[in-house]
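A, B, C, D, E and F label the chains in the order they appear, each numbered from 1.
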Amino acid sequence: MMSHEAFVFLSYGATALTLAGLLIGIVLDGRARRRELAELEAQGVRRRSEPAGEAN
Amino acid sequence: MIALIKRDLAIATRSGGAAMLGVLFFLAVVAVIPFGMGPDLNLLARIGPAILWIGALLASLLGLDRLFQADREDGSLDMLVMQDWLSLVLTLFVKSLAHWFATGLPLVLAAPLLGLLMNMSATSTGAVMLTLLVGTPAISFIGAVGAAVAVVLPRGGLLVSILILPLAIPILIFGVSAAYAAVTDPDPFWPPFMILSAIALFFAALGPVAAAAALKGASD
Amino acid sequence: MSDTTISQGWFTSLANPTRFLALSGRVLPYLATAAVLSLLVGLYMSFAAPEDYQQGITVRIMFIHVPAAWLAMMCYSVMAIASIGTLVWRHPLADVAAKTALPIGAAFTFLSLLTGSLWGRPMWGTWWVWDARLTSVFVLFLMYLGLMALHKAMDDPARAARPAAVLTLVGFINIPIIKFSVEWWNTLHQPASVIRLDGPTIHPTMLYPLLVMALAYTLIFFTLHLMAMRNEILRRRVQTMRRQAAQAIGGGR
Amino acid sequence: MRGPMQAVATKLKGRRGDSVLFEDIGFTLGRGEALVITGPNGSGKSTLLRILAGLLGADSGTFSLLGDDGTALPVADYSHYLGHRNAMKRELKVSENLAFWQSFQGAESGEGMPIDEAIDQVGLTGVAHLPFGYLSAGQQRRIALARLLVSSRPLWLLDEPTAALDKRSDRLFADLVRAHLETGGLAIAATHQPLGLDSVRALELSGIHSTVSDGTWA
Amino acid sequence: MIALIKRDLAIATRSGGAAMLGVLFFLAVVAVIPFGMGPDLNLLARIGPAILWIGALLASLLGLDRLFQADREDGSLDMLVMQDWLSLVLTLFVKSLAHWFATGLPLVLAAPLLGLLMNMSATSTGAVMLTLLVGTPAISFIGAVGAAVAVVLPRGGLLVSILILPLAIPILIFGVSAAYAAVTDPDPFWPPFMILSAIALFFAALGPVAAAAALKGASD
Amino acid sequence: MRGPMQAVATKLKGRRGDSVLFEDIGFTLGRGEALVITGPNGSGKSTLLRILAGLLGADSGTFSLLGDDGTALPVADYSHYLGHRNAMKRELKVSENLAFWQSFQGAESGEGMPIDEAIDQVGLTGVAHLPFGYLSAGQQRRIALARLLVSSRPLWLLDEPTAALDKRSDRLFADLVRAHLETGGLAIAATHQPLGLDSVRALELSGIHSTVSDGTWA
């Protein structure tokens, strides 16, 4: 039988892990998307709807 | 619309054998559960209604993913979706009904036989039949939503069931509790049965509309 | 006439992903800072709170369990609203919002299940019971996963949007079930003591940390959601550019 | 045939994904007139027809049917759509298939032909009792054409109607369309082959799908 | 042949991650049961193995009828059937295997989690996993025969269900009884398990050959 | 291209149900030769092709491929069959579809083209990564033709190969077949439209399916 502290610790730990995982996943995903976009632009593919000169 | 029911039923009987498959699966479920219970007849009789209901719910899932898939593949779905909003809802209502005739109704009719196998009393069996009669159409109606959502997927089968099962839980809860209430004395039969009927009516109204919304959006 | 065109114009301007990217980029840093700050305060308060005479130290699980449960439900509500946006106004961002909320909602639901189990073991003596509240939250978890599977199954976001929206709305009936399950069926789980019509019945020493944690969770949710929405917009942009590039070369005509 | 005077399309713009296939398509079709849509593969003929039928949303622009008195009629009730696929069940007999569509689509706009007569008209007398799946490709397509006859609707939307037809059936098809036009019907067909109709209007889709409007993902 | 497995798996995963779908489906089925049976943990532990097996059978049946149907509708089946006899048998074996990978295997892997939810003991869960590992391929293999017959009969799939489900029921019964024998003391585990394995081997050999015969005989 | 010298059919008789569709069909095709089968709908073109491919049994008669040394080669391994349907999965990418057929059919008779080159050849450069279901009808058919290129087999059996193709693609198809014949391949095609090939042999199925051999019901 675990002590009650262990349960508290486990729940806080698991929460931290899950939320951190979510955050990291989203950040990494964002990086990958930006990289893809940069690659495409490097290849000279341009968004046709892009008004001239607009940057984002 | 009568024509649509006739066509869907003709196809179901001619090619799917959906009715037969459902009943057989139902039978298999009922045959297997007692293994875990051992030969305790009283216990069997007690959990009988629950087993029948679970079996019926799972059996209804069998034909569900094909509800619109076949129509899509041969191009008929275009003609159905082309209709105006109201006719489309009506069409989907009718198609769900045909699905129920082909899969739900046979289960209701097979229930007495299975009740016998489960050592259930006559009242109990009757109650299960009555609740199934009201509850299985609700499954078909809400199932149509899942089928409509999955129509563009090549292998919708499992996904439809996953999407539908959580929604079917209220039907199961009140179906089973009404069936139990009919035999256990202090509990009244009518309140859960009325709720079940209300759910069935609600799903009969909601299902076709939601399915229509899904189909209108997803044609390609 | 002019009135509607103006509001229409404002509405569509928000619908423009480029505009949205710019706007959200400005808001995000503040949001993230607020989230972190409130989380720190909340954590401090929840460990400063006195132990419960009945539950001992395990009562501290409440400060992360209850907000997770609330957020699980709130996230689904956000998705439901976004789905109405998809179905009624065909707002292009609504679909993005609904889709990207899914994994976040699933995570909060998972957390509420997990911390609940971890609390249930010392309190009830079991990890899991099939009581109405627990099961309905489990069903919520399933619906999140099912919707994620649906999105994964349809690679074309334009075609997944409406079906997913319909399903999200139909599945919304589960939320009141979760909320009121403790009152409709008598169960192991305690009934509401904070969010109820006649005001909270919980002691302030525990109420305040709980509320601050709830605020922190909400801010975390919006931060993550905004970030995920930006990612999704970029993902769709990349997909479109790929396809256009292919057609420009490939169609040849 | 009672039914609309005119089919009017204005400034239709269609897209798939994010590429615009055509823009600014407009035409007016009166009684007895036909429009033939041509263009290379992938130029958007099928897409345009599906938009006209209401199966896809147009990006902008409208298509409407106007009755004799100028009121708009629902396209869904007044038109037949024949797509690449035949909309028939392989398991059911030809007659069952046609009977179904007759009663399903036969509501609004007057009587259609009896089923046997329609089968005669497409030159397949005697196949009524065969399962649809037993027919050859061209025969299947001809039965799909017979569906247009068993319930009478003024506007026909046809997507490559003569695919898989032999030469004799091509002529037969031309006769059917001519008869339909003569009774005041309208027809819009996408095709790669000459349909053998004289005096039809033509719409050529060039297949330059490049413009993308703003406010979207790209 | 590797290419075929890869393709069939790719199609399965494309439509939503087959493995995840299988697990989700199972979770949904398991979540539904307590609503019917009531939350009695002892009872749940006892019917656990039966539920897992029923879920597995259902999951297999849900995808099975499409095994060749999709290939037929797009014309791929012609190319498969054109091969010589031996290659065809091999092809069908591989296709059944791919079907098992996509639907059967995820269930086996998910079994421990579900055992936990159903309050099953570790032994019981292990026994269920083992029997599922042996039994689910058998369902895929014999199911392939049914799917083959269904695809060639232009208008009579009725035969199929009546043919296949009865053949699948022995798998179910021996699987469940072996799983129970592992926990209830007097009953020995091995005899039913050996029978199950024998059935599985037999079906693995028979299934592709019979399916090939059905397909060769009646292509149209 | 290594492969057979000759495709020889002798006294083929085909039937569907109880009606005999054709009788006494015989031909010999050498390297670089093509045969075009014509005839009205339902005359048995598809049936004949399916018999040649070994998908249907002939009522009597034989069809065989003879190698350079006179030995018989298995038709299944040395021929490509392209039916009315395209044999592609809508949900897989074009490149995945072709890669599958390349490795599935590529065993016996030598190298095929790389996939990208085959896609180029049918004029669809750049669609490789699109799901097959996204293509228009004609584009789909052209990808189905690309399958014949990615694995090299000497005999092509084509059932209405140009259905849904636009005019430019018709020419493109003719070029493909010509190139195939030039490298020593054989081709048998059923069609309603001129294929744009010169110097091909022709087989006309009359389509009078009336003769019924005795001993049957009709």
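As a working rule, a contact is a pair of C-beta atoms (placed from the backbone, for glycine too) under 8 Å apart; a residue touches a chain by one contact, two chains touch by 3 or more.
On a predicted model such as this, the values are computed, not experimentally measured, just so you know.
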| Angular offset of subunit B relative to subunit E [C-alpha, multiple of 5 degrees] | 175
| note | In terms of mean CA position, the chain most removed from subunit F is C
| task | State the chain with the largest centre-to-centre distance from subunit E, centres being mean CA positions. | result | D
| query | At what distance in angstrom does the C-alpha mean of subunit C lie from that of subunit A? | reply | 16
| From the C-alpha centre of subunit C to that of subunit F, how far is it in Å? | 56
| Distance from the CA centroid of subunit B to that of subunit F, rounded to the nearest Å? | 46
| remark: Between the Cα centroids of subunit C and subunit E the separation in whole angstrom comes to 36
| said: Two-or-more-chain contact residues of subunit B, please, as numbers and ranges. | reply: 14-15, 73, 153-154, 159, 162, 165-166, 169, 220
| What residues in subunit D touch two or more of the other chains? | 17, 40, 42-43, 84, 90-91, 134, 210, 212, 214-216, 218
| field | Interface hub residues of subunit A, defined as touching at least two other chains | value | 47-48
| said: Per the contact definition, I'd like the list of subunit D residues that touch subunit F in the complex. | reply: 16-17, 39-43, 45-46, 84, 134-139, 142, 160, 163-169, 192-193
| field | Complex contact set, residues of subunit D against subunit B | value | 50, 53-56, 74, 76-77, 81, 83-92, 96, 99-105
| message | Give the list of subunit C residues in touch with subunit A in this complex. | response | 18, 21-22, 56-58, 60-61, 64-65, 68, 103-104, 107, 110-111, 114-115, 118-119, 121-122, 220, 224, 227-228, 230-231, 234-235, 237-238, 240-242, 244-245
| Partner subunit C, residues of subunit A touching it in the complex | 4-5, 7-8, 10-12, 14-15, 18-19, 21-23, 25-27, 29-30, 33-34, 36-37, 40, 43, 45, 47-48, 54, 56
| For subunit B, which residues count as touching subunit D in their complex? | 2-4, 6-7, 10-11, 14-15, 70, 73-76, 78-79, 81-84, 87, 219-220
